[in-house]
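There are two complexes below, and they share chain A, which is joined by chain B in the first and by chain C in the second.
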Partner chain A sequence: MTTRLPGWLNQKNSAPYLFVAPFFILFLSFWVYPVFYSLYLSIQRATGLGPMQFVGLDNYVRLIGDPRFLKSLANTSVFAFGSVLLQVPIGLALALAFNSTLTHRLRGFYRVAYFLPIITPGVVVGIMFSVIYEFDYGLLNQLVRSVGLDPIPWIRSPDYAMGSILLLGIWIWTGLKALYLLAGLQSIPKDYYESAVIDGASPSQQFLRITLPQLRPILMFVIIQTVIGSYALFDQVWVLTEGGPRDATLTMTMYLYEVGFQQFRLGYSAAIGYSIVFIVLGLTLVLLTAFKGLKDQA
Partner chain B sequence: MRNRTNRAELVARVALNSLLLLLVVVWVIPYIFTLASSFKPQSEIFRLPIRLLPESTFTGNYEFLVTQYPYLRWYMNTILITAIQTTVSMFFCGIAGYAFAKYEFRFKKTLFMLVLISLMLPIQVLITPLFIQMARLQWLDTYRAVLIPFAVQPFFIFLMRQYMLSVPDDLLHSGRIDGCTELGIFVRIVAPIQRSAFAIVGILSFVGAWTSFLWPVIVLRSRDMYVLNVGIATMVGPYNVPYGAVLAASSLATIPIIVFFLLMQRNFIDGMTAGALKSA
Partner chain C sequence: MRRNRVIVLAAFLTGIALAGLHASGEAEASLPEIEFWTYADNRAQWLEDISVAFEEETGADVTISVLPFAQMHDQLQSALFAGTGAPDIVDVNIYQFGRFTTGERTGFVALNDYLTASTVSDLYTSAALAPWTWEGEYYGLGNELNPTFMYYRWDLLEEAGIETPIETWEGFIEAGQQYVERTGKLFTWVEPNAWQPWFFLSMDGGGFFDESGEVAFDHELGRRVLQMMHDWIYVHEIAGIAPLDPPAQYGALGAGDYAVTFGASWYQGFLKDNVSELSGKWMMQHQPVFEDGMGSEAGAVGGTAMLITEQAADPDLAWRFISYANLDTDNLAEAFRRFNLFPTYRPMWDDPVLYQPDAYFNGQKPGEWISEAGSAIPAYNPSPYWFPIAPHFANNVLNPVVLGDMDVEQAMREGMESARALLEDY
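Our next item is the complex of A and B:
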């Protein structure tokens, strides 16, 4: 590889501009510009690529009265809160198990096994679970029947579908949460525990007084990441239920896709995009404030 | 007394590991079932009671897949896009992250603030305007449309900068004294000692490109241009889904990334956790 460049580019003062340039051009064109363009779009009536018409906040006003949007908001929020309540505690339990000396020989093996779903394409996960959740010939109902129960309409009934998606979420993401929390556990200095043992602290006291407070920053990261990730839910559900039955699993991103890229109402879909931003940023701020409050108390 | 604690520890060890191994089975069975069922004829897939393993190795689904669908073309598209995206993001994000860490330049703080803000941005907000940009550029249904908008990602810049901060300044000075050019310093001195940072960004962008679906499904229109995920998703329609072939397609699409993961396990896991630790 030749590293000879014209002299003016090779000086310490000009080199950084050259180094940042490719990133800068792409970042400005495909991240920064669209963020503003999206805001502009969201106050237009735009169908397809035809002429646009300024409508002010009309798109947002219509969103508030759009039953399918509200349904998707409710579904996605249920998924987000359910995911935090399920994945984080289970992930923490797994992380504590992996960190325990009782499992140390198998730790590497466990981490690999629980991690597989993270690297599996969401579309493939959707396919795998459509075979597992299938009513008549699915693997799960075979198991249910074999213990003498009636088969469960996992994704066939609107009453069960969201629960099945939450279950799927546990399978996909808990391993990743466990990995993050394990890294957090391993960064707690060992001598904290040693001196606690000398002071006669019980394991549960050690957990409450040392582990949880020390884990606070990483726990905050994991919870915020779960919330943000949940509002992006799309691939798996798209393949598994297409948002059904009767919109029971319609997510916000799915509704955005439908409005924008099947109906080509681009102004309206931009408004859905921005409402996701407002919700996610709002929730992040609330969580950060809540965690800060906890810190001040401690 | 000592004997009793040993026994209690043994019981706890066996109980905990049994539970974890049982869960591993739950975690792994979907993969085994998918792969095994891809070797069953349709009549065997839909028959009760379900058996995990096929009665005999039936390869008809794979033949059907490659003759009835442009599956190999989808495979090539995916490999091509993933390879280019991974290479580009390693180099561009590496060198930009290095500049952010080790140089002073105008608007550096502002630009880095923008990067940090974009870390928190849900990408759904970008999808609609990017689609219009692609249409105006007449890039719809091309590789460029899939590749270029997400070639650099704020998170990779952030990660690279964090790693590059630890490169000692003395090393850069001695490179300059030895007459190295600025680009030469990056290529010959910085990149080799920060191999692990490049491995991490490479792995993350490889997985990101291989698994991505939302953006490709929006910009790719014709059957021959599909990537694997888009192609597989279109095989599943409301009527007459060729389940055997879909399972075969899913298995083939997943195997390379699992193999890659098993080979690069350590870097992988470090990469995922580095992201968390550096952000938290």
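Our next item is the complex of A and C:
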């Protein structure tokens, strides 16, 4: 006599769920639960060890009047927009160079060379640049002195520190953007350019009328990714300046860490975290709308 | 076939359950364990070596784990908040303890019941207990006496015709000017982001906090020290702005670019590790004071204590290990031999092992200097506000003054205002 198993114990019905279960268990435990628990924390007063106190939106209201939070928001936004304005055009220029027949043979080498910074650990990069930017003995100021100029306080002065971080960002991330844009360039059908040449279009007209519009989806992705990555900036700056001098390089994630761990104010720290989420979400929606508008105009 | 699969699955699950029961049964019958977290390799090695005898005596199994400084304290905080995952005993840095005093409880076991009156009297309490005391409860036992000194290159000063010891800050400036004139090099440096030197030179005026733990760094001595640091650079021109990077700092010392620096007794180990080629060329002396007597011949900075977490499986056993490490003369002698850790346990202070000459410091006996300076260390005012106030001071008061962007009065005034605003929502 054959025993009929319940449906859930039947191998064909249960096997798929068993196979995806490990991922979902980990996903629920280490992503979903922390996300919702931190939202819960953000509406609590959770300072030190002891009972938490529900405070509603008080933590979020406090952010508006917190000068260090506002300073970190300004710093991070400057870095984000500066990165977009610097890294994307440089990345595009590199991608055009990689795509050129002149660099065809060395394309593989350049891909590896420009990808290396992105896979170098953030702490290592921070330590490297602390030596490069050192005022008296650093590499950059040795070069500056060699041309007869006064040494520059790259990370010693609040006036230069954020610029130094932007340079650091260019070194790390421009290559990756170039690779994304190169993939975009290589996906543009060559027929378009051939037709344009036949119609008498100049190289600049081809760039403006064919290359840029065709690159719109990739550009949208690269710009949004730059903005999101900028608001998550932590490792390299923490090692290099710890947010100084005088909070000139204090980012939102660094302030989150400082409040949460050095001050043990977990509720307020969670509110800072969610403010980053809302800001990045808002900026992403704005960018998506802007790019959609460009598409409609085209 | 389907029945076979069910049988196999059932057997598999049963096997797992039995293995789990067996493991838990084994755990109940196993040795008592002590899990210890520290952030210093030299302390870890010392603890591992001395724990062998402890394990033989008690039957306990001691596991020492070394984690990076910041990560260890952050991980400890997370574990205490989560209610699980904390070790039995942990080394907590003196300035990291404050964060654990911000809530209703600290997360640690109070040691008052373990510390008898005679034990407390045997300890140099301002270094051993005070920094880890909160609301009348002792939470940690620190085993380092960390007075601060002026370290100088005796060979360079002798060559420049400068006599030591230098007893006053006014004399220090004169010596510095003479050194600069005769050698063309800078005498000392000032770090633009490190609050520690200002702190240990200003401790006698109160440091950062008053007795109730409230921020109060704008006292007279603090202003004088800050002004002095500024004037070294911009008025007397005997000091430079220190390299920000420790490797660059040691490189500069190794190259003889600076002849004087300041630091705690534990800084001796860093000098030995990083500028070993200068062995025999350094000496130490007490800190100068102002001619009118303001200041102290020693401050103190840094320190580590052993604390028992509230998640310890056996607090009594944990305390037994702490007292074994910190109140045993043989173990403390070993610590001093290895890394110049001068104990806070007074009965050790007559032990000749502490008073051996050190070739690195030109035959001086660091132990004599440390024990002498120990009595000059001013009282320490702990506070739950250590972070954020110390970095706030470095960022907003020290840095603009040292870089010449702001005068001392303005920096102190604005620094105090912003410090009070920072603490409003605590």
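As a working rule, the second predicted complex is superposed on the first by the 285 of 298 C-alpha atoms of A that agree within 3 Å, B and C clash if a C-alpha of one lies under 4 Å from a C-alpha of the other, contacts with A are read in each partner's own complex, and residues count from 1 in each chain.
Heads up, the rule we're going with is that a contact is a pair of C-beta atoms (placed from the backbone, for glycine too) under 8 Å apart; a residue touches a chain by one contact, two chains touch by 3 or more.
Model, not experiment: these values are computed from the prediction.
After superposition on chain A, the partners chain B and chain C are seen to clash. In the superposed model, A:S72 lies in contact with neither chain B nor chain C. Of the two partners chain B and chain C, it is B that touches the larger number of chain A residues.
By the document's definition of touching, neither partner reaches A:N99: not chain B, not chain C. By the touch criterion defined above, A:P51 reaches chain C but does not reach chain B. Contacts of A:F261 after superposition: both chain B and chain C are touched. When both complexes are overlaid on chain A, the residue A:V280 reaches chain B alone and has no touch with chain C.
When the two complexes are overlaid on their common chain A, residue A:G175 makes contact with chain B while staying clear of chain C. By the touch criterion defined above, A:I218 lies against chain B but remains apart from chain C after alignment on the C-alpha atoms of chain A. When the two complexes are overlaid on their common chain A, residue A:Q87 makes contact with neither chain B nor chain C. In the superposition on chain A, A:T251 contacts neither chain B nor chain C. Counting contacts by the rule stated earlier, residues 3, 5, 11, 49, 130-131, 136-137, 261, 266 of chain A appear in both its interface with chain B and its interface with chain C. By the touch rule above, chain A contacts chain B in their complex via residues 1, 3-5, 10-13, 15-20, 22-24, 26-27, 29-35, 37-38, 41, 49, 94, 97, 100, 102-103, 106, 108-124, 126-132, 136-137, 139, 142, 171, 175-176, 179-180, 182-184, 187, 217-218, 220-222, 225, 228, 231-232, 234-235, 238-239, 252-253, 256-257, 260-261, 266, 269-270, 272-274, 276-277, 280-281, 284.
Of all the residues in chain B, the ones that touch chain A in their complex are 9, 12-13, 16-17, 20-21, 23-24, 26-31, 33-34, 37, 45-50, 92-93, 95-96, 98-100, 103-105, 108, 111, 114-115, 118, 120-133, 135-136, 148-152, 154, 157, 176, 180-184, 186-188, 207, 210-211, 213-214, 218, 228-229, 232-233, 236, 243, 246-247, 250, 253-254, 257-258, 261-262, 265, 268-269, 272-273, 276-277, 279-280. Every residue of chain A that touches chain C in the complex is listed here, in rising order: 2-3, 5, 9, 11, 47-51, 62, 67-68, 130-131, 134-138, 153, 155-157, 242-247, 258, 261-266, 268. Against chain A, in their complex, chain C makes its touches with residues 2-3, 5-6, 73-74, 77, 80-81, 99-107, 192-193, 240-241, 243-245, 247-248, 251-252, 384, 387-388, 391, 394-396, 399-400, 403, 418, 421-422, 425-426.
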